[in-house]
Amino acid sequence: MGRYVARRLVQFIPVILGTLFLLHVLSVLTIQIVGDPVRALFGENAPPEAILEQLRANYNLDDDCLEQTGNPCVRLFVDRLAQYASGDFGINFRGRSVAELFVERFPVTVRLTVIALVFETVVGIFLGVMAGLRKDKLVDNFVRFSTVLLIAFPVFVFGTLAQLFIGLELGLPLRDSERAPEWLGQMLTVTYNPEFPWLSLMLPGLVLGAFSLAAIARLTRTSLIENLRSDYVRTARAKGLTSSRTVGVHTLRNSLIPVVTYIGIDIGLLLGGALVTEGIFNIPGVGQLVFLAIQANDTPVILGVVTILTVVFLVANLLVDILYAALDPRIRYE
Amino acid sequence: MSEILTETERRSNKSPLSGVSFDGSAPLLEVEDLEVEFHTRDGIAHAVNNVSFTLREGETLGILGESGCGKSVTAQAIMGILDTPPAKVTGGQVRYRGVDLLQLEEKTRRHIRANKIAIIFQDALSSLNPVFTVGWQLGELYRKHAGASRAQAKSKAVELLDLVGIPGAPARINSFPHQFSGGMRQRVMIAMALALEPDIIIADEPTTALDVTVQAQVMTLLSDLQREMRLGLILITHDMGVVADVADKICVMYAGHAVERADVYEIYERPAHPYTKALLESIPRVDQKGQDLTVIKGLPPALVDPPPGCSFHPRCAFARDRCTTDEPPLYEVPGNRLSACHYWEEVLES
Amino acid sequence: MRIKTHFRVTAVAAAFALGLTACGGGGGTTDDPGGNPSGEPTGEPGGSYSADLTEPTFLAPASNCYESECSAVLKMVNDPLVSTDFETGELIFDGMAESIEPNDDQTVWTVTLKEGLMFHNGEPVDSDAFLRAWNYSQNPKNAQATAGFMARIEGAGKGPEMSGLKAVDDQTFEVTLSGPFSQFGQQMSYAPAFAPIAQECIDDIKACNESPIGTGPYQMDGKWMHDQGITVTKWADYQGELPANADTIEFKMFTAPTAAYRDYQNGGVDVLNVAPEIYLEAKGELADAILEEPTASLTYLGFPTKEAPYDNEQLRQAISLSIDRELIIEKVLNGLADASTDIVTPPIPGSRDDACEFCTYDPQRAKDLLEESGVDPSSFTLELYFNADSGHELWTEAAARQIQENLGIDYELKSTEWAQYLELLDGEEFTGPFRLGWSLDYPSPENYLRPIVGTGGDSNYTGYSNPEFDDLVVQGDEAATLEESFELYAQAGDIALEEMPIIPMWSGTTAIAASDSVGDVRYDVGDGEIAFGEITVSQ
Amino acid sequence: MSDFLAAQDSAGHEHAQPRSDQNRSLWGDVRYELMRNPVFWVSSVLVLVILSMAFAPQLWAETSPTARGACRLENARVEPSAAHPFGYTNAGCDMWSSLVYGTGKSVIVAILVTIGTVIVGVTLGTVAGYVGGFADTVISRVTDIFFGLPFILGALVFLAIFPDRNVWTLTAVLTMFGWTSLTRVMRGSVISTKQKDYVDAARALGATNFFIIRKHILANSIAPVIVLATIGLGAYISAEATLTFLGVGYQRPTVSWGLLVAEGQNLALAGFWHLLVLPCAFIVVTVLSFILLGDALRDALDPRAR
């Protein structure tokens, strides 16, 4: 196992460099094609050129290669790598350290992601198992149809409806009521409330996890149906085991292998893709930070934060792979 | 073997079955007019039709037939592990020591499995759970049926692996199925079947997936253990060579029917059914070197839509008009034999 | 002079699209009786309330504040130097200046400060505090967002200190301009650009940005909680004249205006800027409780006047006449705008309500003019430019459809990202009408006319140049009285409205919602912000 | 949604490998299974309707909402009535024709992205899985790199480059971040197919690699890809809506479902429910149709389910 982890860690290096370079090229192209982000800070009326130049220098945007469309600006990339290596992730257009911004916002996103993950995993697997065990029965059809709805509805529509009907219509009377417990009202929140760092992220977490819940339920269902037909499940029954043990121990664990793969990928999706949910529920998270940065072409933030996110994503995937290997011994000894 | 289970464990292990009154004098296993149907999208397939046989202590019964003739379904019906739906036992009895298992509640019947009747599957790799160690899978039987602790279960798993001749058992119990060779895996399957000292073992094509040399080793192990423990063994195979060595009695199946039943020697001497005869002729023989092998023409019929009359008639060298209309009953053939052929005498003579 | 623009906060929030949240400069009159208070005024000081806000860019130094988010906060934390009366255009000395006097040719301005003023940290507000701040601001090395406001001062943008800025004594300093400019006093009423800075602040700007040291009625309560909130509390030692009714104001940050409205519904926010995307919903729910006030922002379409066929004056007039502004305002802007009658917007002193002959909807006259112009409507496609994702697409499309229907000119909508839009503007590369907005830096007609249509104006992207027009504006600058200068500016405006290098569309309206627990809510058109200090809380 | 596909990987390729001896009759069996599945019929009729709207909207609605004089601002947000059952959009265009003409923009992108990801995914996946070694390492690491960039963030950064966002740019970007999952699926599928006996047999008989790939590998590995692709198709349609909502999708005067939903989202709560409900209904029915079609295909391709 140790060697496996070590090998995976070594493989990180080219992947991170590659992601960084990809991002670098994208943002350089954006500046080359879309235009000078510093100039855009000032709107209709251009400030004195001296100020623009000073700002460009402040943000390392004064390199000539940024004027030549198609030039990948390799030198800038190398400089940036050196800068990152020393732990400096630059400053944003408002003069704040990117690393600091990230540290401020990351815990919020992590909490949101954890809630979404727990929710989608627990409920998703439960629904998937129910549907899989009763294939083509009412429960199964209900799960299949409702998951299609979750996949089809754009998340912003789903989020707004949840905010309005659960957060306001249902939650507000609870919060105003004397008798309802406070935690309940805060759970059905409308916007993020820093005083309730976990509770007020519950509803957003559910919205965020909804799509993945659908995916996990469908995956579990398919996978469970597959495995229920497998020879080793027949063996388990021939061993005279109870049906709950046959399903719970001998089938489920095998069925969870693709689900775990999905969860690994999903961590990245949730971390970065949370921006829609974060916008709707006014959550100061990382997704929103990057989204705003993209809007303003704030290259240091885009690069810095997405780089850190990529590292987090890769580490999370490594953890998932270890879990995967724990679930499936065949992987371990590849 | 008896040292594996203590007397208390034996009692506790038998307790769920205490309400069932087994008749010690009755035959070990009697299958009578067993019928199994499959509900498929194409219609109802009659996978097993009126199959009967009896197995006594220490006896080995060979069930012989091409793939798809209902052998494995019969085995799974006896075990009670058919996938229901689509499969369904629609008639007959499966009596263990005089008790019809089909009438038992699932809760009770579950305890018959592994405790009284165990099964060895053909493909050990897919039949062993890939994500658990071999020791865990063996130990599970003791933990769940005999209430053994993890440590006890483990030490018993080691003993079992020793018993089936796996070298270095204490280390090997922590290995996963895919880390074993084919022969060793099959030994694990055998060990698993033996674990709770059942009275009957059903071996469903136990050696098909193995190399010839390994096949012999596994079969030897199996028959040694059977003799040693006076087990009733049902050996399901399509390989006439395998049954010839170990079986006492043979039941030949074709398209879900038992078409011939006899002692092993008689069947090999003079088959009383054209299908048995054709099977025998398709075995390569040293004294016929240079000759072409006789092959049975055609394919077995679809079970959804079997041919009328004798289902073997399209492929039968002895077939007459009558065979296409009248389904042959089991004729009694001298020598305590049965054959489902209208012209069994003719077959015997040829 | 430059306009403060919002950072485009989110595309979700296509909010500022319609120029609702005005970017105001100038001073607000605090005793303006024309305000439109909503809610029950209690008149009682004390209590606390919360208001929505988008994350500001900078809080310190104030000279880096060039958008309404930071100025909303800084207005609480800082006193202005001086304010401008919107009725008359005259200066009001309700801030730190005792007096501001120009010399005869309007080139040397003497500022005298009130006695005994100090910063929140106890430092005195003296001439040095202003010199420190202004010199810091104009120095290109410091790249301050409002450095342009210093541009008229002699020696600005050349080094660490301006030659035109001298302290006479502790309370008095002298500003020498590089040319005559009668509106410099009004210009100084854009508070953030001309605010003083404390020594403690300039020594550690980073720390000061997190917790600005100001001179105003409120001081920071704790640090700036980025993306979450800023809280200000009443400063006990405040000596100035600005109102500060509530004890505590909590600004809550939102990136999506919809989220802000939901929080308002939830009771989390007391005073809310109602953004366009939620206006209809809010209107349906709150009806008359929404306060609607005109802003000083102008939305217009500019023409590339050197490009055929837009070099044809009659075509430009015809296009203007073919657009039904009222219908667009009603259906697209939900009534939140006023059709333009002048380039200068109504709240600005000197604006007129009947100046624009061609700003009405008259399809017949438009057709006649098109015919007179000799331009064949089928010979070209009207390419209409707007910047993407800011809520302009719907009205530009509606306008283009009306032009198509009334004049028979086919259209193509062209949108680009803001940065690219600005590059096209700077290079004057547009090949058709383009949408732009403008809001004041200081309340003077000059602040609209010269930048937008004056020759070489900072925001003149039309290529339009008329010496007669420029001359009238300069005469206005040099006029001895405000009335005279307004008259001259109006004459200049008439030329622009006749030749139509731009067609004014409308001026904006802002919508504000206030909860039952607050009263005396008023929109301060000069600041382009709600007058937060005046709001009272019912207890 | 691309990630959703990836996770189907293990579930997908296990069950969809036909037994070697059935290879020749596989497609015949599939056809037979499909013909008798009512879900297949319902979903394929719906898909045909949707496709005809996408490619020949004039069959369903007389005038395009972008045609001269088709929209009148006076009609903005007029709600459905008996005379006009679908009402009018926020821009005063006929809702029904907007929906019909919007189908093309939304569905064609989804189809193009699906084709694009399948081509790239199948090619790279086959090379990585079949050739293995260095090629596999390179392709797998490149896949990781693209996976490292979360889908929406990647699309946002990338789409910002294109000032003019149309079918092609949207397709390019969605494909760019969608190919990775199918590549992983295909790679896994090819690796397990490669180890099958009949591939060894073919190689022993001297078949060229190209022949083996074409005859054996592709035929036996592509089934899960087809099934996943149909599900992905549905998911890409709602992705268009989300990107538009975030301001990097289509822009007016283009008509697309995503634009209608993004626009209708706030107006619905102001009482104009038809502006949100109608386009959402179109998206849901479309996604449902494609996913059901995918389910039916998956069932038909699964030999063990028979």
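All chains are identified by letter, namely A, B, C and D, in their written order; residue positions are counted from 1 within each chain.
As a convention for this text, contacts are C-beta pairs under 8 Å (C-beta built on N, C-alpha and C of every residue); 3 or more make two chains touch, one makes a residue touch a chain.
Since the model is a prediction, treat every value here as computed from it, not as a measurement.
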item	value
A-B compared against A-D, more contacting pairs	A-D
Most distant chain from chain A by Cα centroid	B
Innermost chain by mean C-alpha position	A
Gap in Å, rounded to a whole number, between the CA centres of chain C and chain B	90
Gap in Å, rounded to a whole number, between the CA centres of chain B and chain A	53
Chain A and chain D, separation of their C-alpha mean positions in angstrom	22
Interchain centroid distance [CA atoms averaged], chain B/chain D, Å	49
Sites on chain B at which at least two other chains make contact	none
Where chain D touches two or more other chains at once, by residue number	160, 163, 245-247, 269
Sequence positions of chain A contacting 2 or more other chains	33-34, 160, 164, 229, 291, 295, 297
Of all residues in chain A, those that touch chain B in their complex	229-232, 234-242, 245, 250, 253-254, 327-330, 333
Touching residues on chain A, where the partner in the complex is chain C	33-37, 39-48, 50-51, 53-55, 58, 93-96, 101, 104-105, 160, 163-164, 167-168, 171-172, 175, 190-191, 193-194, 279-282, 284, 288, 291-292, 295-297
Residue numbers on chain C that touch chain A, as the complex places them	1-12, 57-58, 66, 140-145, 147-148, 151, 157, 206, 209, 225-228, 253-256, 258-260, 262-263, 265-268, 416-423, 425-426, 436-438, 451, 458-459
Residues of chain A touching chain D in the complex	11, 14-16, 18-19, 22-23, 26-27, 29-30, 33-34, 144-145, 148-149, 151-157, 160, 164, 211-212, 215, 219, 222-223, 226, 229, 257-259, 261-262, 265-266, 268-269, 271-273, 275-276, 287, 290-291, 294-295, 297, 302, 306, 309-310, 313-314
Touch list for chain B against partner chain A, complex	76, 79, 81, 83, 110-115, 118-119, 121, 123, 126-131, 133, 140-141, 144-145, 176, 178-179, 192
